[in-house]
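Order of writing sets the chain letters: A, B, C, D and E. Residues in each chain are counted from 1.
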Amino acid sequence: MLLAEVIGTVVASRKEEELEGLRFLVLQPVNKDIKASSKGVVVAVDAVGAGVGEVVLFASGSAARQTSLTKNRPVDAVVMAIVDQVETGGNVHYNK
Amino acid sequence: MLLAEVIGTVVASRKEEELEGLRFLVLQPVNKDIKASSKGVVVAVDAVGAGVGEVVLFASGSAARQTSLTKNRPVDAVVMAIVDQVETGGNVHYNK
Amino acid sequence: MLLAEVIGTVVASRKEEELEGLRFLVLQPVNKDIKASSKGVVVAVDAVGAGVGEVVLFASGSAARQTSLTKNRPVDAVVMAIVDQVETGGNVHYNK
Amino acid sequence: MLLAEVIGTVVASRKEEELEGLRFLVLQPVNKDIKASSKGVVVAVDAVGAGVGEVVLFASGSAARQTSLTKNRPVDAVVMAIVDQVETGGNVHYNK
Amino acid sequence: MLLAEVIGTVVASRKEEELEGLRFLVLQPVNKDIKASSKGVVVAVDAVGAGVGEVVLFASGSAARQTSLTKNRPVDAVVMAIVDQVETGGNVHYNK
């Protein structure tokens, strides 16, 4: 999984029917200091009710279809947890 | 998923028979400002009737075979939504 | 999928028995202008009879096992189409 | 698999219910000299009781769901071994 | 698949039980000239009896579980062939 900040949303009315009802979030992957990493933005399905500004964990690949919401749907990234705290090197770098 | 602009098409008459009837689009991945990102072009199957110039979402990996059109076919990328709007940081960066 | 030029072959006599009879091609991924991209070479199984110098499409990951030739075999890339034409921005960048 | 050093932990109370009880580790991928590589941090599920400071192997993608702990869960990275020794070029670069 | 040189081994006594008996090799991916590429080292399971110094092909992702040795095990990379010869541009770049 990667750490990311939710920075926005995508609206798409014309899409595969299996995608009806899913919410698409724009994610900026972050490094351990919760600063934007060099990776570009990713769009993921929201499975946990995450909001803009929150730090989340997202899973990519076939893992993204292992939630009840996304099963058998053509999606390759899902937000599956909202992060409360990140601790590295004995320091808390993020505390919600 | 990644955001991308449809910039062209690929014609391939000699191919795996499972690929008959599929339309191949050339995609340029874009960043949150809908400008070309540093990622190179990708070729994806069109599952939604997207046209050149449109901004789309595409899914990679096994997700690309989760549409009725692509099931069990040897493809690793599919355009599964045409984007209407991208909003980040309170700003609308794209409005179809 | 990615566009690539077939630039060579790999011979490997000692291998997993599931790989007997497969032909391995060395591919140089190319960008939309059919020039070598910054991605390094990839070795893919040939499912369409592609020859050195031809421009092809190859699929990666589990998609590579969706052809009759590669089913259940330990391969992660397959050439599944020989490209006739690539058109982007209204220009034909490749015409076989 | 990639070599990595465990550098921290992530706490996430609001998450997909399939994730209950899993421990999330922050990993810094390392190169053959066990120095941080240029790859950014990854968050992986701990399947072997790894602690901060230990060098581990982690698997990504669908492989991450092949342990009894992670089966059918929406995770894409798992720590599946704690490294005792890395030897390259006739030199032992790491010895626990 | 990618071309790589076997440069070492990893010993890990504490691991997922599904991993018992597997041999872990440290691989340095190489380019078409069989020189180290810019990709960092990868650790793969040995399915063909490869030794340090040999040039091999390895497969990543779910393909890594398509050998009798690795089936259903949490591994994401496998050495599935030992390379005898690589020929590109009419030149033999490697001959075992």
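General observations
Quick note on the criterion: a contact is a pair of C-beta atoms (placed from the backbone, for glycine too) under 8 Å apart; a residue touches a chain by one contact, two chains touch by 3 or more.
None of the values given here were measured: they were computed from a predicted structure.
Traced through touching neighbours, the fewest hops from chain B to chain C number 1. Judged by shared residue numbers over all numbers used at their interface, chain C and chain E contact each other through mostly different positions, with under half in common.
Per-chain CA centroids place chain A at a distance of 20 Å from chain D.
Chain centres here are Cα means. That of chain A falls 32 Å from that of chain C. Residues of chain E found to touch two or more other chains are 61-62, 64. If you walk the ring beginning with chain A and heading to chain B next, you pass the chains as A, B, C, E, D. For chain D in complex with chain A, the touching residues are 7-16, 18-19, 24, 26, 28, 40-44, 61-62, 64-65, 72-77. Partner chain E is touched in their complex by these residues of chain D: 1-3, 29, 31-32, 37-39, 47-49, 57, 59-64, 66-67, 78, 80-89.
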